[in-house]
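Residue numbering begins at 1 within each chain, and the chains themselves are lettered A, B and C in the order written.
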Amino acid sequence: MTTPKTNFLTMCLRGTSQVFFMENALTGALFFVAMAFASHVSGVWATTMGAAVGIVVSTATACLLDLDDESIGQGLYGFNGILVGAALPTFIAASPQLWGYVVVGAAASTVFTAAFSAVLTKSWGIPGSTGPFVLTGWLMVAGAYSFGGLDVTGDSPRLPTLTQAHATDIPHAIDLLHIFFRNIGQVYLLGSWVSGAIILLGIFIASVRAGVAVVAGSAIATAVSIAMGASPAAIHAGLYGYSAVLTALALGVIFLRPSVRVAIYAALGTVMTVFVQGALDIMVAPVGVPSFTAPYVLTMYLFIAPRRLIAPHPHQPVADHAIADGKATGR
Amino acid sequence: MTTPKTNFLTMCLRGTSQVFFMENALTGALFFVAMAFASHVSGVWATTMGAAVGIVVSTATACLLDLDDESIGQGLYGFNGILVGAALPTFIAASPQLWGYVVVGAAASTVFTAAFSAVLTKSWGIPGSTGPFVLTGWLMVAGAYSFGGLDVTGDSPRLPTLTQAHATDIPHAIDLLHIFFRNIGQVYLLGSWVSGAIILLGIFIASVRAGVAVVAGSAIATAVSIAMGASPAAIHAGLYGYSAVLTALALGVIFLRPSVRVAIYAALGTVMTVFVQGALDIMVAPVGVPSFTAPYVLTMYLFIAPRRLIAPHPHQPVADHAIADGKATGR
Amino acid sequence: MTTPKTNFLTMCLRGTSQVFFMENALTGALFFVAMAFASHVSGVWATTMGAAVGIVVSTATACLLDLDDESIGQGLYGFNGILVGAALPTFIAASPQLWGYVVVGAAASTVFTAAFSAVLTKSWGIPGSTGPFVLTGWLMVAGAYSFGGLDVTGDSPRLPTLTQAHATDIPHAIDLLHIFFRNIGQVYLLGSWVSGAIILLGIFIASVRAGVAVVAGSAIATAVSIAMGASPAAIHAGLYGYSAVLTALALGVIFLRPSVRVAIYAALGTVMTVFVQGALDIMVAPVGVPSFTAPYVLTMYLFIAPRRLIAPHPHQPVADHAIADGKATGR
């Protein structure tokens, strides 16, 4: 059953119907009527707006990543994004950061959908279904407790103590420099900014390109964590940067062939790593352990898994030199 | 080493010995002596009775699913079930609901054993061993905190606050109708029963068969959650139904070819989804996130994974049209 | 790009640089300078010493397991071990038990690195990266709360109540005998030592070799749990032994062909299972369920996964009779 390439609105409405496994734009339109009716009754339109943003961003992300046309046309890269877009405003109060969160979450849900497909469906015929939505939703609602710019409001299980807004003052230049280097040193659990600088020197000695990626990763993590209102103490200790630094390096240089497209992909992964850091810090707290590099590990696994699904551009093959030449055993 | 098809009692005793990797009916009989001795000393016979129910139900389920004869004969589909049957009465007080719980849990453990085999053993040569017991046991003990008909009694880690029995009054007909539609609307996180009705209309427009499965799933979830004594507020909000609706649709119509046998399989999965809903609501509470559709996702993955192990009847191939024709990328 | 076999120090320094994906001994040496500088500033040298122990033990373990020479030479089996070695003294106070913990953890991290490679990299091209460190670190920091010989000191998330030292009196001989048999009976959740003895009899009837492995597993678990200062009540109930008994049996006799080398491998796995028991008891407590046999299941999966990477000696093939002849479906 081939599905001809179709217009963007039809793709989005089919994706809306795919939450119930249907591929029918009219059904999708009725689902939007159902959402609008509920918003009309409750007076809260953020959920319906979030759903619209989610389906558009996730479907557009699939197009930008050149994922397979037939699946995109059937709406199969959109139904997780629409659920992310509907769920986040249901559990988090509206704010500028929320909308940035919805956009990044919906884009990431498309990557996760491709990852689940590459792993579960390819190996065992298990459909990913709404698994990517569950994963994205858990990470982003949990992460919201870590960020002062986001306020968890749902009456579902809610942590009582962590929702106060953090001060979001921008640190002084010298503080920013210390944060920048501590983000690197903390990969080795080192709180000294000088140690971070020595490590960066060691990286540049081995590879200038790797050094540049580390610099970019540390800068992105600092900006995003401050903008989201993360704990100033954690930011200053470099605890929001060490995982992001590794993601920027792994996705931008090591495991994918560097290009403009890959740089944007790596930047999305790096931003997502900061959010996942906020989430895992909350998620592991009940068992009394630190996050270690889990935010990097989880994000990198999910962003690398769909590698073979992401169609290389004719002259920009998304290759995998590190793995291809046998260097990446277990790395 | 071929194992001739043998009588049911021998299969069960071999399964009993397989907990220690043995395949010896006499050894299995001695293990039952050990259990009976412990029951005699403690005066609690529910554990030994549970073990007997567990080994019988799990082995019988393997036969009904036409799983491979040699493994059944060796007792390899029974040792997880016997542990489920022994463990649940160890940690949950005897009640009518407990015995229903043991039967469903033992049957599910056979499906999970087949799933672990299809994933771990087939791909990497890792034996599933008692992994399916651990998963089933965790889900069902955690779920017991959500159901007023079950009382967690073990002196092991026990949650202090959630064990009070819920009122199990059967709602009025009009309430049941609202629950029925909210179970559908909550897939989109909508609490309005009218929205649920609009969504059901949209599904029927796309596929009558899918609509019927959704209706059945919502009805089963309502009946099971009331019978188990789940929180009336959660039942009324439709929170016990949205995952079950998706499981009924996915297993009954979308990913397996519809037949009487598949309908029974889907019904088992739908009941299990209600139990998993109770479990995951407890399990994710410490990190302050909602369950989202995870009860459906987890149950569906486990019930779909063994698809290729479940022998199709000669004229009823258990096919996978949705995946076979390429429609299910990531769904 | 072939890497000639090189001296052990170079391997270790390359492994140090591999934390940032580099393969450069000079870079690795600079990273040690960075660690030493941080230790100099803080006055705490245990972290740098731990890193040194971690890289040496993990790299040496890879050599002893005959993992592939090229990856060892590139440092790919060392970067998880160095992180384990740096992390444990960062979060746990120095003590004799800590250093034993670091050695076992670093050795296990090499096994886990091989397991991640056999699963993630082989099937999907996903690099394991620092995933094995995260897993090992989580298990061992969580486990530290269960052992009186280890004191969690990090100012990161720390559980408030469980760090008091347990009495580590060595039980009397008759108590040791009861513990020995209860370790076996608890596989079936039986607290009676007589039941454990009956079960052991049943195992010896089926297989003398299996009986010997069970005896060894129970003895190791008793010694390790007492030495680590685990809860005396839990030790006496047999709760530290039932998973270790299964690991000793599974790794030593059932899934690997018995040999001296396999016996040592199984002993490492059995010791690690005791640590994982301590960890999972803490990790599942927030959701109110027992660990069941999860410590065995998790450890065994990780120790079996790399089976095909572990080069068999010419006359001692590490075979898998149980799986090879089709007996291990789902076991």
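In the analysis below, a residue touches a chain if its C-beta (ideal position, glycine included) is under 8 Å from a C-beta of that chain, and two chains touch if they have at least 3 such contacts.
Bear in mind that the values here come from a model prediction, so they are computed numbers and not experimental data.
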How is the touch graph of the chains shaped: line, ring, star, complete or other? complete
Quick check on chain B against chain C: do more than half of the interface residue numbers occur in both copies, making it same, or fewer, making it different? different
Quick one: how far do you have to rotate chain A to sit on chain B, C-alpha fit, nearest 5 degrees? 120
In whole angstrom, the CA-centroid distance of chain B from chain C equals 32
Residues touching two or more other chains, restricted to chain B: which are they? 123, 286
For the chain C and chain A complex, residues of the former touching the latter: 1, 17-24, 26-28, 30-31, 33-35, 37-38, 41-42, 47, 51, 68, 70-71, 74, 76-77, 79, 83, 86-87, 90-91, 113-114, 116-117, 120-121, 123-134, 137-138, 141-142, 145, 152, 154, 156-159, 282-283, 286
As the complex stands, chain A meets chain C at residues 118-119, 123, 185, 187-192, 194-196, 198-199, 201-203, 205-207, 210, 214, 246, 249-250, 254-255, 281, 284-290, 292-294, 296-297, 300-301, 304-305, 307-308, 320, 322-323, 325-331
